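Next, two complexes with subunit A in common: one pairs it with subunit B, the other with subunit C.
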Partner chain A sequence: MASGAVTALPTRDAHRDPVLLLPLAVAAGLAVGWLGVHERIAGTRIAADLALSWALIGASLVVLERPRWRRARWLLAATPFALLGADLEWASSHALWTLGFLLEGLWAAFLVQLVVTFPEGRPWSRPARVAVVAAYMLTLGGQLVGVLVAPDTRDMLSVTSSPSLADAIDRAQATAGACLAVGVLFLALQRVRVLGLPARRAQGPLLVGTAITALADLVWLGWVIGTRARVPTLENTTRAVAMTIPVGIVIGIGWSRLRRPQTSELVVELRSEVVATMRERLARALGDPTLDVAYRLTHGRYVDADGRPIELPQQADRAVTAVSVRGEEIAALIHDPALLDEPALVESVRATAALVIENERLAAEVRSQLAEVRASRGRIVAAGDAERRRIERNLHDGAQQRLVTLSVALGLEAARADRAAADVLARAQDEVEQAIGELRELARGIHPTLLRDEGLTSAVEALARRAPLPVTVESSVQGRLPDQIELAAYFVVSEALTNVVKHASATDASVLLEREPTTLRVTVTDDGVGGARITSESGLAGLRDRLEALDATLSIDSEAGRGTNVSTVFPCGS
Partner chain B sequence: MRVVIADDAPLVREGVARLLADNGVEVVDQMGDADALLRSVRDLHPDVALVDIRMPPTHTDEGLQAAREIRSSFPSTAVLVLSQHLEADYALQLVEAKPEGVGYLLKERVGRVEQLLDAVRRVSAGECVIDRAVVDDLLARRRRVDPLEELTPREREILALMAEGRSNQGICRTLWLSPKTVETHIRGAFAKLGIREAAEDNRRVLAVLAYLKR
Partner chain C sequence: MLIVDDHQPFRAVARELLESAGYIVTGEAADAAEALAAVAADAPDAVLLDVQLPDRDGFAVATELAAADGPTVVLISSRDADDYGLRVAACGARGFIPKSKLSAAAVAALLD
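Presenting the complex of A and B:
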């Protein structure tokens, strides 16, 4: 079951690195630069485009260290070529111009896809998927329509040259682009909210960059819609602002790296006594507050530090990393999948923590066995109680019923017997009544009917009434408590009162039943000679298993000459 | 007098029926559970229902519940509950709502035909009947400060009879005393215990039982 969910740590894969793109990008940049200068394009524009392109290429190289971000890496590498392709519009060649026109917005669509599928290449959500499709339709689709009517002599695909139509398409594109920018802005803000702490560290700066870029786009597109003029300064600024996206990615990686402690610090952290549990220490070391440690027991079950069984998660939003010592799995770390992006960190924690975890695991195993012993004791006591009930019922409905039948028969005979026979029958009747009375006492000791029917207070009051010394009862118990607790509390009072009668030479005693939100406290006090202890023959000692099965604690305060106080506390939720 | 008998032990049921029949009580129906009992009471309007406290399905206190149901839905039928339990709580539960035409008798009394007949007659006359053993159990309780010790033996005896549900007339008959003497003793006992005298005999039972159970 569990082993299928445990992922091995991803190894650093270096295949098909986009390192080769580096010279290509430099060459493309130089070509664009030459083209710009040749066509007398403003230097600021050339500089903005080159800066954004090389920032994207640089980010794609930094992302190399995150094996799971492969698709983001290719998008980062492809975007600059789309951007430089759009700059072909500067060329006087008709073919290059037309190609440049068609590619004009593609880079923006690439960026939208990059951010809303970051980091693993899958859209975050359904709205994110819609945003990607919209971005491509808007840019590629819009330019395909636009090229048919563009009022430019270099346009090789022109059907008709219509400045007004071209202007309308331009404005529609700008309006839709503004809507898309708002959408992406919302997506980014929402993403920040849902991310776990480790992921927020790695992806937060990118999301901030995305938000800034979306806002800058809104300003620029708003200007285009309002004034129908493309102001070069604004356009260049927008491209420069878009650099916050690749820069954000790089900052995110750097930030989560800074968080990565050195191995020696890890050892200190993991051995620190400041935070109590292994779970908290690992959570701190890995910077993931949601982290859980599952210790693997010998038969392959997993338990938490307290020995409670836990299941390894199967969902995609949790990741599981196995910790092994000498090839044997001893524990599993359940954590935020974003930590898989920091294999070196997880690996060093795993190596450092293994020994400490092994100790914890042995402790967890002992706790788990203790819990089993306790549960089994609980089952034994419960089975004993069920047996007591059965015997009590058999006494009432079996033996006692037969004696009553006998009593009725004696009554019938007595009515028609002669005097001498009637005397014998009357004596027999007395015997039967006595037997019924003794059977009743026996049944009450085994399982008191009143306790079952009316609850603890009534049953304890009845006990007190029958005691051969004055016993006062005060109770704040209302309603019923779990059967096992009622029965144990009843027996505690019964045994304690028996001791008072036998040993204490007391003149009176009192019973206090206190119901608090999470406990039931039962106190039996007398004014006798004191000096009482629980010996192995004492009835209270016989209740030990029953009390321990319920996690109850019994204490005796019995100084010589000062009476005895027997107090039992049962954990008991509401 | 017409009675019905509900007990899930057929031998007990039939024996009691014969005992009653031999003494001139008409047993009009017998049954083994509470549902059949309620149907029978509804259809036959008996004077008294004798009800076993433990009956199917749970064998706990079905008889008590049926008794309460009969007293509230069919007031013309008195109920005598036959119980295995020597516990004042059950007896009080039975009588505290309306201490009239209702009784709590230990089951072994069915062998003593005169005690059984006495109880049946008293509940059918609207009295309240509490088994003597239940009252003795309450009287035997040890108290730190015990006003019962102040009572004369006669007053104590009369208090017990009141707790059993006897009327003044019944007490007179039992103890061979004049009504006047009995009333004097009752006033004396109540004054010592601090119980306020109730006009009605049946209310008086509750006051005495509540005092003793305290």
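Presenting the complex of A and C:
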């Protein structure tokens, strides 16, 4: 032998791969077929059993391409052997007949288990688990009891030959079998309802096949119960109908394959502007409307397209596929785990998405940073408001209280003093009262008590009452609004009215507070000289941060000679 | 009269003012709980009640006293009545005097 590495030929492991069972199944089928012919069994019956057996083994080979469907694959491979084993009843040999009798319904139990644990081998639900247990008890258990009393001379395990008892057991089995068929029908229909779109695509045909087979079984078993007669045509038809189960599995896989687009088509589709968002384009390409795209930011957090943070799901009902460029993860696709059964599709979408997703990721990162800036500005404004409340309360509880006490004391002393001293004391009291008034105005400007206690309308009405010109207030605000919005709206009105008083030469003004389903609109109008604009020194400009933190927009309409209209719109859900 | 205010120097001045005008001050209270206890114990004819108290606000106390057919309440505050809007009228008090305007005449005008 020449030098060099010895390469082991790939070996097929019969424990992992049912492909080796194919010749065995063909041989077993042929043997059973020969047995049937030899024993003069009806050709239709032999054909039905062979067709169903080989369809099942064929489906088990097609399922090979789905790694997650391993258990289903083994059930698909085992069922034909159970079915052909049951046909040993055709033999004249006592041992083969007895074995065939014991195996009679096992294949049906295998099919029930296959269907209600499809595709991953775990029962869908507790009722599904009950159905599997019931199927085995009914078939294996029923035959074990039946073999003790079967009125057939080939029965090696017969204890007593009792046709009436055997008939009763048959009828009980048929009745329980009909109930099981109803249960499986219900489970299949329910399963169709709860599956996501990708899973429905892959498993739908199987579920339809299951429902049809359960219905055919019901007809057959109903006939058996009702007439006590076995009609070969019905029995053969039921077996032929059961072929819809393996055929359904193959159709499901074929259907998923058919809609697998080429990479070039994917590039076009993912770059298409027809569908608005990358999420929608990917969802369409993968046929999974529940798909989400999580963009990975440089510091490892994930955000959606709008820059909102999202967590990758941990639960088993969602799957995550990473999208990477040059080894660096740039996004994650969160999708229906059924898509894992189409690894080639997911891989081609993943590879294509990597080419086109980078821009989206950068945009999401910018949006995320903007959201952070906005949130941070909101926090700064909120902290400022809290500080304003604290200062207002300190002024009220401290300096204002002391001045008030001083003022009352001065008044008291003035009443007791002689005229000259009383005059001095009265003037002192006036000064103190003026200081109290100024302090009160200052406190109101810092944080108005009435706004905190009674809300926007009352506080704005108080502003209007204190204004030195007539101000009408109309409000459709019912109840309270978020603190920050109330405070910002109040300051807008306060600053706008201050401007009216200082600059507009107006004879009257009006304030309109309009609550709409998703907004609050605050409008301050005067009949003054107009020509106003927002300069960097104006009080309204000072509210910019506060308004932007709330996504509010402020506009001013002030044509010379036509008065001024200051309008602010706050986004404000109900 | 009962004087209710959490600022002791103010209570002292108010007591002097009321007593010099001939009112009998039955007691003083620094918060709502003390005030309600003093009303129950001394049954004053009227209460000079500060709006801002440490435990509950004066409006709540006034409402409770009015509901129990208690003494006449005169609210006082270092803020303006305007700062409280409709609550002054709604709480069942006889009237409101800004603290800086507190005088025997102002009290008498409300009580007589």
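Keep in mind that, in the parts below, the second predicted complex is superposed on the first by the 544 of 574 C-alpha atoms of A that agree within 3 Å, B and C clash if a C-alpha of one lies under 4 Å from a C-alpha of the other, contacts with A are read in each partner's own complex, and residues count from 1 in each chain.
Everything below uses one rule, namely that contacts are C-beta pairs under 8 Å (C-beta built on N, C-alpha and C of every residue); 3 or more make two chains touch, one makes a residue touch a chain.
Since the structure is predicted, the reported quantities are computational estimates derived from the model, not experimental observations.
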Query raised in the report: In the superposed model on subunit A, is it clash or fit for subunit B and subunit C?
Result: clash
**Report entry** subunit B versus subunit C as contact partner of A:Val432, first or second or both or neither
**Finding:** both
Query raised in the report: Touching A:Gly300, do we find subunit B (first), subunit C (second), both, or neither?
Result: neither
**Report entry** Which superposed partner A:Asp508 touches (first subunit B, second subunit C, both, neither)
**Finding:** first
Query raised in the report: Does subunit B (first) or subunit C (second) touch A:Glu454, or do both, or does neither?
Result: both
Report task. Tell me which of subunit B and subunit C touches more residues of subunit A. Result -> B
Query raised in the report: Of the two partner chains, subunit B (first) and subunit C (second), which one does A:Gly141 touch, if any: first, second, both, or neither?
Result: neither
Report task. Check whether A:Thr472 is in contact with subunit B, with subunit C, with both or with neither, and answer first, second, both or neither. Result -> first
Requested in this report: Show which residues of subunit A both subunit B and subunit C reach, each in its own complex.
Outcome: 396-397, 400-401, 403-405, 407-409, 411-412, 415, 432-433, 436, 440, 449-450, 453-454, 458, 461-462, 465-466
**Report entry** subunit B to subunit A touching residues, read off their complex
**Finding:** 9, 11-12, 15-16, 18-19, 22, 54, 59-61, 84-90, 107-108, 110-113, 137-138, 141-144, 146, 213
Query raised in the report: Within the complex, which stretch of subunit A touches subunit C?
Result: 396-397, 400-405, 407-409, 411-412, 415-416, 432-433, 436, 440, 444, 448-450, 453-454, 458-459, 461-462, 465-466
Query - subunit A-facing residues of subunit C, complex - result: 7, 9-10, 13-14, 16-17, 20, 52, 78-80, 82-87, 99-104
**Report entry** For the subunit A and subunit B complex, residues of the former touching the latter
**Finding:** 393, 396-397, 400-401, 403-405, 407-412, 414-415, 429, 432-433, 436-437, 440, 449-450, 452-454, 458, 461-462, 465-472, 508
